[in-house]
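In the two complexes that follow, subunit A is the common piece, with subunit B as its partner first and subunit C second.
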Partner chain A sequence: MPRTFTLKFLRLVLVVLVVTFITFGLTKLQPGDPVSKIIPFGTAQQKAELRTDLGLDKPFIAQYGKWLGNFVQGDFGKYYDSKQSVNTVIKTSLPVSLELMLYAQFFALLIAIPLGVTTAYRAGSKYDRGANATMFALLALPNFVVALLLAIYVGAKWQLLPTQSNVIPFPLNPLDNWTYMLMPVVALTLGQIAVYMRLLRSDMIATLQEDFITTAKAKGIPTRRILWRHALRPSSLTLLTVAGLNVGALIGGAIVVENVFGVPGLGKRITEAILAKQYPALQSYVAIIAILYVTVNFAIDILYSVLDPRIRNARSVA
Partner chain B sequence: MSAASIKESSATTPASEAPLLVVNDLKTYFKTDRGLVRAVDGVSFTLERGRTLGVVGESGSGKTVLSRSIMGLLPKRDVERSGSVKFEGVELVGADTSLMVEYWGDQMAMVFQDPMTSLNPVMRVGKQITEGLRQHLDISKDHANQTALALLSSVGIPEPERRLRQYPHEMSGGMRQRVMIAIAIACGPKLLFADEPTTALDVTVQAQILDLLQTQQRDRYMAMILVTHDLGVVAGRTDEIAVMYAGKVVEKAPTKVLFSNLRHPYTEALLSSIPKISDPSHTRLKTIGGRPPNLINPPSGCKFSPRCAYATDKCRTEEPPLSAPDSDGHQFSCWFPVELSAKQTAGVR
Partner chain C sequence: MRDPLPDHGEELIHLMHDSEARSDVPADSVTQQFAAVSAGTVKAKRKGLPLGAWIAIGWMAILILAAILAPVLPIPDPINDANPLKAAQGPTLDHIFGLDGNGRDVFSRIIWGARNSLFIAFAAVITGFLIGGALGLISGYFKGRIGGVLGAITDILLAFPQLVLALAVVSFLGRTVFNVTMALAIVSIPILARITRASALSWSERDFVTAARAQGAGHIRTMLREILPNVLPAMLSIALLGIAVAIVAEASLSLVGAGVKPDVTTWGNVIFSGQAYIRDAPSMVLFPSMVIFFTVYALNYLGDVLRATFDVRESAL
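Then we have the complex of A and B:
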């Protein structure tokens, strides 16, 4: 186990290096120049000075190296103009995004798992077909469409919930927090439910054909218990894998949804950093997300062996 | 059948007087896209407690479906089940799952064919045993664990404490089948089905498992239905044998009578297809020509006629009924039953 752990950690480091290096390259490919953004009306000399000040005149690799060196030491850089520390921004915005993504993931699974289990048990029934059709419809709705529809109807027309969440200090009292978080969470959740439900459903259908399910039935175990205690666990490996990989989609979705609802999360900060060409800040945000993503999937690798004891042994043999 | 009529039938026949299991004209058809598969087509028999019935037939003869149909384990959808199965006088055909859950595991249990797939791979063996116990017997966790321990010892598993905490994949096939038997006998069922319990096992383990089943059956005074394709398996271990072909019982007799006086050509063919140790090496295996019949469009007349060495025109047009039991309790369905001389050439062991 320590050896696999080391390997995983090395993989994490490698992924973060590759991701940040590519992002760094991409920022350089962006047309325009941060200096013209900061002092659009400065003279050529002023601009050259600023460029030297910010280290933008140095070669690409040197710039990347400097950022990386600071990042590793926990200094995530500063905004060019305001000199605001990126660390403080992350401290306030990351929890907001995490909250949003956790809620979305939690509710997507909370709805998808019972749906997957029950539709698999009644595969082919009217209930199954109805649930599948509904979920497909939701899957076809991109989250920005859902977000905008919610903002227009629930927020603006019916005035049920606030459309702009940029005022929420975090953490707020739970109820207030919820009034701000509800619509972003719903917008982010809906599309995920269908994916999770359909995955679990097909795996459950296969599991329910297994001999050990007949054994459980022949033992006199009630159906409900067979579904939840015997069939769900062996059926959940694919779901778990995808739930982990889907964190990527959630991050993408969070960027969109945070912008629609003005949620002061990392997604919003990333958009701002891209538009304002705040390279060091952007770099650090991307790196944080990459670390988050790889760590979640690392945790899921460990969860496999919790869910399926056969995987534990496969590992020790290998 | 409704719940009301179940109560009625149990009221009219007191449980103590009724035979343990009475199967009457049981039919089980599967609706498929290609047509109706008549997997079990009118099977009747009676089984008393403490007795063992062997059900023999080749693949596709309906023997596995028969055992599952009696126990009511088949899915409800696309399955037509008719006839009657009375367990201690209670009608089980058409009974609600909520009623069957009371019987499954508690009154009747099954040992399945393949122990490699019949145990839940992600649940500890101990849990798989205690689960049924706690479901039916309303006992404490500790008590259930103690019982599971005793059960594992009784099915001949060494170091039962350690085994209880293991997962199925940490055990050999023979061990797993012993666990399956422990699970099946856990609640002290009155009727035990063993559905080809040794087919998936090493030859060396087969006899052990069959002996174990037999011991448990005797010690616990259970009725047992032993389903197999191997006449050798049932030879010394059953009181009665039913030979199935194309969803029907074609010959049924007490074990000794069947082996000494078989009457159906199919039974004869089955018996002569068993290789004999006394044969010189390189003796060609005797097989039954042709294939098991298509159960969607079965052949007219006797279902075995296309493969039968003695078939005549009558066999191909008229289906022989199962004869009434003679003084030995021997029944068979054949127009031209095998005579004594022919039986001897078949080489009875």
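Then we have the complex of A and C:
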């Protein structure tokens, strides 16, 4: 266990290094001189000063090293013009995005798990086919479409909820927080329900054919207990992995949904940085997201081998 | 307990588990989503296609035909035929999908949008198919060091959340059709590589591959003539789903202001330009959204049918 842990951790560090290196390289690939983009009408001397200021006169590796050094020490850089620190922006916007994604993840699982279990049990029934067809349609419904539909009907037509979000931190006013979060969360949740439900269903169908289920039935254990205890437990591990991997899709969805509803989260800040050509800030945002994603999956990978004795043993034998 | 139906999502899950056990990395989110998409809506049938498949093929055929014929169709120009006096007009007999904020015909813009959006999605996935397929085939066939290195490259590409990677590529390199296509291709390469690798791994264990090698077939011949034909159905069904994903990704990029520049008509840009009018003229957003929904549904469904028809299950043997 400790050895695989170390190996996995080294791997994580390597991936993060490569990912940040690639993002850094991408900023250098952009056509045109970044200095001319920031101060197009600056004098030659001003441009030269800015170039030195940004460290653009140094070789690529040195620039990357400097950026990495700052990043590791928690200095995520500054915006060109306002000199606003990226750290401040992250401090206010990251919690909003995390809240949005946590709600979405939570509600998606809350709805998908019972649906997956019951449809697997009644596979082939009308209920199963109906639920399956609905979920198949949901999979084809991009989250921006759900978001726009909500904004048009619930927001603009019926005026039930505000279309433009002005998220109040939960501790300040829980009710306001939920009012603003409701539509973005629904838009983000719907597609996820379909993903989880369909995976759990097919996983459970396979589990229900296993011998230990027959044994449990033969022992006279009530169906409900078999389904929710015996069958769900192995499938829940698959679900856990998928939930972790799905964070990638969730991040992408959050960026889109935050933009439709104007939620002041990291996704919104990223697109603002893109439009304003704030590349150093953007670079830190992309790196932070990649690290977040890789770390979540690293944690789940570790958790997985702790929870599942089969994997734990297989690894130690190997 | 009832007998569960034959279920095609399972194979993909097993495929993924196979690759997991072998390469010691978890499958990526998109593979998982694909597995979810294909978790058995279409039952395996030996004869004929289900009615739904014909409807899906019909929809795609009409769409592709309209996209190709857009320049000769009797529809207004999507960019220049603007009538600002009638801006944001709802659907009428003359303009069945209404007019956008600049008074341009939304129906025409959707057809021209199909031209660009479908081109971007198809070109991206075909590129991903060729490069990712080659990488996957090679790394699945040569299991040793080459496979390890290629697998590691795939993993690094997968360590980026998809949309963020595309977003980064487009915003750093510029908002052109070519760059968006390349960004989506880069995103689809590791997905196709992963699926192809998983499938090629299990096929290359089979006896007929050993037999071919014993008869003196070279590595390239064995890969192309023995393994590829068997891996192809899985690759194709994933590619169909990949096109759907690429269409949504293009629109998502436009929606957050990081897609193709607004002067190129794509579905994403049509929706983006309508976003400001959702109060007064929601039709501007509703119609293109509906078209995207039907298209994604049709592609998902066809991917599912393809898997059922070719019975991809065999590859898990």
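Methods note: the second predicted complex is superposed on the first by the 283 of 318 C-alpha atoms of A that agree within 3 Å, B and C clash if a C-alpha of one lies under 4 Å from a C-alpha of the other, contacts with A are read in each partner's own complex, and residues count from 1 in each chain.
To be clear about the criterion, a residue touches a chain if its C-beta (ideal position, glycine included) is under 8 Å from a C-beta of that chain, and two chains touch if they have at least 3 such contacts.
In this text, all values refer to a predicted model and were calculated from it rather than measured experimentally.
Aligning the two structures on subunit A places subunit B and subunit C next to each other without any clash.
With both complexes placed on chain A, subunit A has more residues touched by C than by the other of subunit B and subunit C.
Of the two partner chains, both subunit B and subunit C are touched by A:Lys217.
In the superposition on chain A, A:Ala206 makes contact with subunit C only, while subunit B stays out of contact range.
Once the two structures are overlaid on chain A, subunit A sits at the apex of an angle of 80° toward subunit B and subunit C, using CA centres and rounding to a multiple of 10. Once the two complexes are overlaid on the shared chain, A:Asn297 sits against subunit C while remaining clear of subunit B.
Applying the stated contact rule after C-alpha superposition, one finds that A:Arg233 touches subunit B and leaves subunit C untouched. Residue contacts after overlaying the shared chain place A:Val154 against neither subunit B nor subunit C. With both structures placed on the common chain, the touch criterion links A:Tyr279 to subunit C but leaves subunit B unconnected. In the superposition on chain A, A:Ile111 makes contact with neither subunit B nor subunit C.
Once both complexes are placed on a shared chain A, the shortest Cα to Cα gap between subunit B and subunit C comes to 5 Å. In the superposition on chain A, the residues of subunit A touched by subunit B in one structure and by subunit C in the other are 124, 217, 223.
Of all residues in subunit A, only 124, 210-212, 214-223, 229-230, 233-234, 307-310, 313 touch subunit B in the complex they form.
Interface residues of subunit C, counted against subunit A in their complex, comprise 1-5, 7, 9-10, 13, 26-30, 32-33, 35-37, 39-41, 155-156, 159-164, 167-169, 171-174, 244, 248, 251-252, 255-258, 271, 275, 278-279, 282, 285-286, 289, 292-293, 296-297, 300-301. Of all residues in subunit B, only 71, 73, 77, 97, 101-106, 109-110, 112, 114, 117-123, 131-132, 135-136, 167, 169-170, 180, 183-184, 187 touch subunit A in the complex they form. Contacts from subunit A toward subunit C in the complex involve residues 15-16, 18-19, 22-23, 26-27, 29-31, 120-125, 132-133, 136-137, 139-142, 144-145, 148-149, 151-152, 155-157, 163, 194-196, 198-199, 201-203, 205-206, 208-209, 213, 217, 223, 238, 241-242, 244-249, 251-253, 255-256, 259-260, 267, 270-271, 274-275, 279, 282, 286, 289-290, 293-294, 297, 300-301.
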